[in-house]
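Going in written order, the chains are labelled A, B, C and D, and every chain counts its residues from 1.
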Amino acid sequence: MKTQYSVGILGATGAVGQKFIRLLENHPWFTIKALGASERSAGKTYAEAANWIEAVPCPGTIKNMTVAACDPEFFKGIDFVFSGLDSSVATEVEGAFAAAGIPVISNAKNYRTGKYVPLLVPEVNPDHIHSIKQQTYDPSGKGFIVTNPNCVTVPLVMALKPLQEAFGINYVILTSMQAVSGAGYPGVPSLDIMGNIVPFISGEEPKIASEPLKLLGELQSDGTVKDASFPVQATAVRVPVLEGHLLSVSVSLKNKPASIEEVEAVWNNWKNPLAELNLPFAPEKPIVVTKEDRYPQPRLHSYDENGMRTTIGRARLTTITDLSFVALAHNTVRGAAGGAILNAELLVKEGYL
Amino acid sequence: MKTQYSVGILGATGAVGQKFIRLLENHPWFTIKALGASERSAGKTYAEAANWIEAVPCPGTIKNMTVAACDPEFFKGIDFVFSGLDSSVATEVEGAFAAAGIPVISNAKNYRTGKYVPLLVPEVNPDHIHSIKQQTYDPSGKGFIVTNPNCVTVPLVMALKPLQEAFGINYVILTSMQAVSGAGYPGVPSLDIMGNIVPFISGEEPKIASEPLKLLGELQSDGTVKDASFPVQATAVRVPVLEGHLLSVSVSLKNKPASIEEVEAVWNNWKNPLAELNLPFAPEKPIVVTKEDRYPQPRLHSYDENGMRTTIGRARLTTITDLSFVALAHNTVRGAAGGAILNAELLVKEGYL
Amino acid sequence: MKTQYSVGILGATGAVGQKFIRLLENHPWFTIKALGASERSAGKTYAEAANWIEAVPCPGTIKNMTVAACDPEFFKGIDFVFSGLDSSVATEVEGAFAAAGIPVISNAKNYRTGKYVPLLVPEVNPDHIHSIKQQTYDPSGKGFIVTNPNCVTVPLVMALKPLQEAFGINYVILTSMQAVSGAGYPGVPSLDIMGNIVPFISGEEPKIASEPLKLLGELQSDGTVKDASFPVQATAVRVPVLEGHLLSVSVSLKNKPASIEEVEAVWNNWKNPLAELNLPFAPEKPIVVTKEDRYPQPRLHSYDENGMRTTIGRARLTTITDLSFVALAHNTVRGAAGGAILNAELLVKEGYL
Amino acid sequence: MKTQYSVGILGATGAVGQKFIRLLENHPWFTIKALGASERSAGKTYAEAANWIEAVPCPGTIKNMTVAACDPEFFKGIDFVFSGLDSSVATEVEGAFAAAGIPVISNAKNYRTGKYVPLLVPEVNPDHIHSIKQQTYDPSGKGFIVTNPNCVTVPLVMALKPLQEAFGINYVILTSMQAVSGAGYPGVPSLDIMGNIVPFISGEEPKIASEPLKLLGELQSDGTVKDASFPVQATAVRVPVLEGHLLSVSVSLKNKPASIEEVEAVWNNWKNPLAELNLPFAPEKPIVVTKEDRYPQPRLHSYDENGMRTTIGRARLTTITDLSFVALAHNTVRGAAGGAILNAELLVKEGYL
């Protein structure tokens, strides 16, 4: 297995791009060799082009790299790229990279619904990566696109997958309380959110209603995915939290659990398909169930297992929907850059990179 | 109609007590003539005893009043008392005042489930006050107890009452995002809540599940209330907001609305039973429906109509539960001290005070 | 004295413009009859053009007014305008209005250093308004420009003026902890300031060093002002506060006070030159000295006297600089829109409007 | 050199105690073998006794340890203790441990002014540890007490020490903007500090005025320290920041620097006395000077070099005091638990432990 890769970051100066840079600093397989951003940034050093907002210093090797425009021309010799591009440009740019034979591991929403584009959470639907074979973005067969879902979808499907397997799901109702980092930088104005809640996030609820169905769907022999068929009803609000989305979830199950302990055992005993793969970014325990009522909390638990864990709490049987719980995951690590890195690691293991 | 009353405040130094003092400063009917607090505060001036936390100055007339212990002895000549007492002492103290012939308008939870104790939101169940006639706390018939509900329950029943009348209710699922002022002072430590969410508030969810049923129930001829019978399933979390609880609510209705406009018309055209009564604290519009997705917000709208209004937003028909919306009300005004004052005003109009 | 004026707001959709609209809602003399904003907003209703961020509702009469471009053409019949314009356009636009015979009461910095432009805090240097007579922006003599200072300067000169009169000032060292509302909207990104401090505000410190000297200077017979001559050394930082700038000030005095009580007496007994004028926005007590160590606080005291008061606390004699204290004022009321309105009121009284 | 030590934590359940536990988790020399707390906690497991507030999980080995009362009886076999005790009990308890022959490395203020007690910041005054030899708390000579200073004092003396050596210091004026974690847990109520500043911290300013003088003083041949003699004038305020104290400092120097570059060179070239010692907690660069105006920021830079670095920014020559700058350090790492650990490491190197 090849394990040394030269990677590029598209959208390198943005919030997700910065998280890619932070997370890849000491990655054992992937080394950043190219940084792509807008024309405005091209030609500058990264230190000049980016307003670094991470709470750890920007790696010194990155600071002095020159930022390029997001054109495959400037990414010769790069094995694949991570994309933190804005959705306003991702369709064109990511398509161009794939067509040029450079695989794109994307956090943007643009290709998530593509017929043969894996929408991937490695612990949940690892087999979906094989859709790649049907992709025709690059006639030579080398370039392709793989996506990770919306940041709320990740902890949601992590919590739902074991329930789907054990009980079957009728429907899901949730309220997602989302951190400001999800809106990028400059993102949410402080005057809007300090000591406040904004009860709407543009475009978010439809994604939460649809993406889990593809993730929890079944890969067909023709390379397409047959979506799961239960409805998901979401209210997404912005809260004054820096990192970590907290979801208040109620689920109606097809087969009724006899006790909350039975549900917790399902989560605790769930067989993680990545368990034997030794992927560097795979959390040892992708799901942890806490019994302490006051947990999980964004500030305390978002960075558990380097931000790659989903923590479930307050699980209880309820009269209307059978089951209610809260779930927390780091929105820009597990829900964005870290999830994309784990996707790339799985692609390496499976021989696609 | 008598309109000049000497009132006392029990629990005067606490967060709710301070809100009573602030709200009553220029009340046309009620003048504060006595302040009750713990033994520790008794004998001090109010300025000495209280750590004033309101964002407007403490009224000068109150500052120099001497705080008394919460004993009816020290409340001679007082027409009635408002109680912001802690639940650990409210059973005994409020009972003693009622027994001594001093009506108690209470914000504490202790007597809310009392067989003949009105749990009152004047716009929702004004007729329930007549339960008072069956109360026997004071053999002489002069003392009685009236309560207002939990702070989350108020905007919830304000939103549900018109729906109940127009469509009937099958069930309600909600997540309540609650401001720190709901926990009193010192209340929530800053280390727990700054930039964070705590997904549990002790004792809150059972109250949200039960109190709306009494409020939306029917007064029987024997003076008891027959509870409404639909289930309410709540997740209550603490958010870093100072004032204003925001509820994310999903409702299943017995009769299905044809459009969201039909639902909004039900709210907008709802006949407010207080409309003709000219109560000083009654909001002109107890319910307002906003069409702007980003509203209502705690910081912007909690103090609309002096904090006595409930604002509904993001109303939409949904696949699972028929209807979803958010609702906001000021937790310590509409949901506590202001609600209690409105209760007292209705009692005046109805001849009970 | 004419007391009914038709006024216009320049920069009406911005943060300061919104504060003008909020504060003028029930003004006894001034009625908003025209709203000016950028070309982008021109032609829209105010409700469409503005993203209202005040915590009280936008007045209904304003919501439906049509916004005009900031061209004097569209302000016929307007007696004068308040300007909350951005400094990038204020030089040209304010100059054009003055030239067209429409007096400009401006919050922008552009003309503050103008030779004959009053930089005015009515309690501090009311006589400076007579510089207007030398202005030549409008050959007809009708149009002129009057400015209010930077938001930090206001509480600073309010605190310094009595000290200057009583003791004389050698120098001033301060750290100003400034609220996010001072940066307008969208202003400070939440990712920059939640749970954080940014130790720099572009352009702020030079203004704090120079503006107090003009305000505390002396009007000369030729209509110019001779600046006061002591140095002011400032560090301006942004803090996660919504409204209210808090200043930590150390002052070296020419004549040494014998006790802190002597200093406090100077502040408490200071003769307010507006005391007899009955200006609607003049606070009864422009300076209040609090003896409670934990006061003043932005959240609790910024809106004292409708946001027009300066509160001084923690005054104490110190070894190095003689005197240290903290001072608080509302940055967008007293330090911006409210200060400009008070300026206009003084101009009315003095016959300039 | 012995490098394996069994250590105890006094005040283990408090905020500083938790930080000791977090920081010592993988310490190469020190292993926690005993936990001491109040009688109320004694006998419980640590997981039961402590309300864990750190943003990383409590180490599993600690969770199951049984908490003991703070009595030397229960600390047999412990080489030394770290104390995060509250000052209300530290005098007695720390004295008892020292008397029992167990060295105490304390974060409490109680013994800081002791005649022979080192008040120690290893980079600043490493030679002061030799005062220990004169201590008589333990007649056998084994037990002793070493203290670290107040959390504001640490970054202050780190910044001042090179200035003192290069220029000499006339006086220092500062405003310290202090994080809520400095007040421990539950500490500052959220209602006091969210979106607010409290301009007073009880007992803080006198410590900031006196402790730097001992730290920057000279060890005498009799084991006492002759304090430095310049005055320090501080205003300490509480801000809504979780971790990291930011100081706005102005310094008057005896010899005037010709340029700000000269000052920065003094800091950058300062010879760190720990440079060759390879102490595990010693930062590679204890002082870093940043040239970016908007830095340092508590959220971004408090954890630089594991929270052990002091970052200086905005350095500029000023008219009144010669030099102004801001300085940041992590208040509970560098300013408390981490500083104490570094003290212990130096004591190991110097043969005192």
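Methods note: a contact is a pair of C-beta atoms (placed from the backbone, for glycine too) under 8 Å apart; a residue touches a chain by one contact, two chains touch by 3 or more.
Bear in mind the structure is a predicted one, so any value in this text is a computation, not a measurement.
Colleague: I need the common contact partners of chain C and chain D, sorted by label.
Modeller: Chains touching both chain C and chain D: A, B.
Colleague: Taking each chain's centre as the mean of its C-alpha atoms, which one ends up farthest from the centre of chain A?
Modeller: C
Colleague: Hey, how far is the Cα centre of chain A from the one of chain D, in Å?
Modeller: 40
Colleague: In whole angstrom, what separates the CA-based centres of chain B and chain D?
Modeller: For chain B versus chain D, the centre distance works out to 48 Å.
Colleague: By the touch rule stated above, which residues of chain D touch at least two different other chains?
Modeller: As it turns out, chain D has residues touching two or more other chains at 53, 194-195, 240, 242, 299-300.
Colleague: So in the complex, the part of chain D that touches chain B is made up of which residues?
Modeller: These residues of chain D touch chain B: 15, 53, 180-181, 185-195, 240, 242.
Colleague: Taking the touch rule as given, give the residues of chain B at its contact with chain A in the complex, in rising order.
Modeller: 171, 173, 175, 177, 194-200, 202, 231, 233, 235, 237, 239-242, 246, 248, 250, 293-300, 313-314, 318-321, 324, 326
Colleague: Within their complex, state which residues of chain C touch chain B.
Modeller: Per the stated touch rule, the residues are 53-57, 194-195, 242, 299-300, 303-304.
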